[in-house]
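Below are two complexes that have chain A in common, paired first with chain B and then with chain C.
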Partner chain A sequence: MEVMLSVIIGFMIIASITAIYAKDLLSAIIAQGFVGYGLVICFLILRAPDLAIIQIVMETVTLIIMVAVVLDSSREEFDIMPDKTQGVTIAASFLFALVLLIYFNRAISGLDRFGNHTLRMSEAYVTGAAEQTGSANLVAGVLWDFRGYDTLGEATVLFTAAIGVITIIRLVGKK
Partner chain B sequence: MKGMSLIVKKMAQLMSGLIFVYGAYIATHGHLTPGGGFAGGALIAGAFILMILANGSGYVRLKRQEEGSSAVESAAVLMALLLATIGLAAGTMVFFNNYLPPGIPGRLISGGVIPLYNVFIGIEVAAALMTIFLALVIYKEEISK
Partner chain C sequence: MTVFILSFLMLLVGVHGVLTRRNLIKVVISLTIIEFSIFLMLALIGFISGGEAPILDAGISAGRMVDPLPQAMVLTAIVIALATNAMLLTIAIRLYKKYGTFDIRRINELKG
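On to the complex of A and B.
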């Protein structure tokens, strides 16, 4: 499992680097789609079919919209002249990456090995959740019963995004 | 936005109904099988987006569709909130309380309020994605005038 995951994540990293440096914007989007569909396979390997379904649908819709945008505007990337302060920026980003890596290392030192979960919190969810909520799919039971506030927040995010899009992208106002 | 060729139009007509039914299945069976309101709603929106992309933007009256989907989206969120608020009145005073009888796990009608939440969130997600897509299409039409 870990080997498969490492190979797929390696391909995803290569694809995202390709997406950054591609001259043609359409090929950049295709490479970015590779990252998204690779994530779908990762979710399937980690036995999360709920997430995989959502990810595959959203990735497809996003890819369609982005391909439509690129075909409509230009396939060429604008040339941005290198800044004079570029060296400072690169040094600062490496410094931040180093600091984050140190803290990440300290944070994960208390965790178990990959694959062995500490089931302190989720044990309460897993045992007897089907009887308590009456939902055979545990994920739906946890989402809408134990963690209703979280899911309401997610729904509100999409609601706010739609409102934001219709507010910003409007040339002719309503009378 | 112009439509595509006759082959694409026919295939879109054949497929979009199936995609719609699959999305409705995923949303209504969210408490039994993997999936749920979010995935089902995204599939339903995908069916509509496929039809508009294949047939061109003259296929629907964009402004009216956008107003309608925006209203449906707000109504669905309101219904989900209302369902959660009823939980305050029923039984113990808990927001998102599962007040309907849970039933037998595995049956279609089980899980108390969870299937209702899934249905309304499915409608909300479908309408929200549809609104965003229609807003982008309308923007493009207005800019190309």
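On to the complex of A and C.
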């Protein structure tokens, strides 16, 4: 199981490097789509069908928006010219990566090993959720019942973003 | 443990893209890659080897299920990521219409 996942995540890393270094923006977007659909396969292996469904929808919509944006503008990627402060940038990047590595190490040392996760807080969700919420899908039960306010906030963010998109993209303002 | 380190490497690739690219669309793509790596990390944490999908059915006992809580949280995060991506791309296309380029070195005049 872990080997299978590692191979797919390795392909996703290669695709993301391709996306970052591609000379054409359209091929960069296609490589990003590879990463997103690889994530769908990872979710299916990790027994998360709800996540796989929502990730397919999200990836497709993102790809459509990105292709529409690129076709409406320019496809070219610029040459990265070396500038005077490049040494500072490289040093800062390594420092940033080192700090991230320290935090990752601290986060990972408190976790269980992969595949041996113990249910702590969600023990009550798993055992009593079907009777309390009436939903056979435990993810839907958690999302809509135990943590319904989170979902309300998510809907708020979604509508705020929709209003923002409409406001930004409108060419002529109303009087 | 390998998968955790690999997803962290994917996060570093995204951070590298955000820091070094000068194209707005490439920056948005790198941010998407960072988001994907974090979703993957959270879904990996809740996995139990040999576990079933958290859907109750006849013949599946509640003891052998993967953790439903990280999955519910990641589902929320995916939808929010879609909203922020749409907003970022809208801002990028408006900047292109105003300046005629995606190059962030040339979009530096913040005058009305």
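Keep in mind that, in the parts below, the second predicted complex is superposed on the first by the 171 of 175 C-alpha atoms of A that agree within 3 Å, B and C clash if a C-alpha of one lies under 4 Å from a C-alpha of the other, contacts with A are read in each partner's own complex, and residues count from 1 in each chain.
One rule holds in what follows: a residue touches a chain if its C-beta (ideal position, glycine included) is under 8 Å from a C-beta of that chain, and two chains touch if they have at least 3 such contacts.
Predicted model, so just to flag it, every value in this text is computed and none were measured.
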| item | value |
| --- | --- |
| Comparing the two partners chain B and chain C, which touches a greater set of residues in chain A | C |
| Which of chain B and chain C A:Thr133 touches, first, second, both or neither | first |
| First, second, both or neither for A:Leu152, with chain B first and chain C second | first |
| Chain B versus chain C as contact partner of A:Ile64, first or second or both or neither | first |
| First, second, both or neither for A:Leu5, with chain B first and chain C second | second |
| Contacts of A:Leu143 with chain B and chain C, given as first, second, both or neither | both |
| Which of chain B and chain C A:Asp72 touches, first, second, both or neither | both |
| Which superposed partner A:Ala124 touches (first chain B, second chain C, both, neither) | neither |
| Which of chain B and chain C A:Leu95 touches, first, second, both or neither | neither |
| Partner chain in contact with A:Asp50 - chain B first, chain C second, else both or neither | both |
| Overlapping contact positions on chain A, where the chain C interface meets the chain B interface | 49-50, 54, 58, 61, 65, 72, 130, 136-137, 139, 141, 143, 151, 154, 158, 161-162, 165, 169 |
| For the chain A and chain C complex, residues of the former touching the latter | 1-2, 5-6, 9-10, 12-13, 16-17, 19-20, 25, 28-29, 32, 35-36, 39, 42-43, 46-51, 54-55, 58, 61-62, 65-66, 69-70, 72-74, 77-78, 80, 89, 93, 96-97, 100-101, 104, 108, 111, 113-117, 119, 121-122, 125-127, 129-130, 136-139, 141-143, 147, 150-151, 154, 157-158, 160-162, 164-165, 168-169 |
| Residues of chain A that touch chain B when the two form their complex | 49-50, 52-54, 57-58, 60-61, 64-65, 68, 72, 130-137, 139-141, 143-145, 148-149, 151-152, 154-156, 158-159, 161-162, 165-166, 169-172 |
| Interface residues, chain C side, partner chain A - complex | 1-4, 6-17, 19-23, 25-26, 28-30, 32-33, 36, 39-40, 43-49, 51-57, 62, 65-69, 71-76, 78-87, 89-94, 96, 101-103 |
| Residues of chain B touching chain A in the complex | 26, 30-36, 38-39, 42-43, 45-46, 49, 53, 66, 70, 73-74, 77, 80-81, 84, 95-96, 98, 101-106, 110-114, 117-118, 121, 124-125, 127-129, 131-133, 135-136, 138-140, 142-143 |
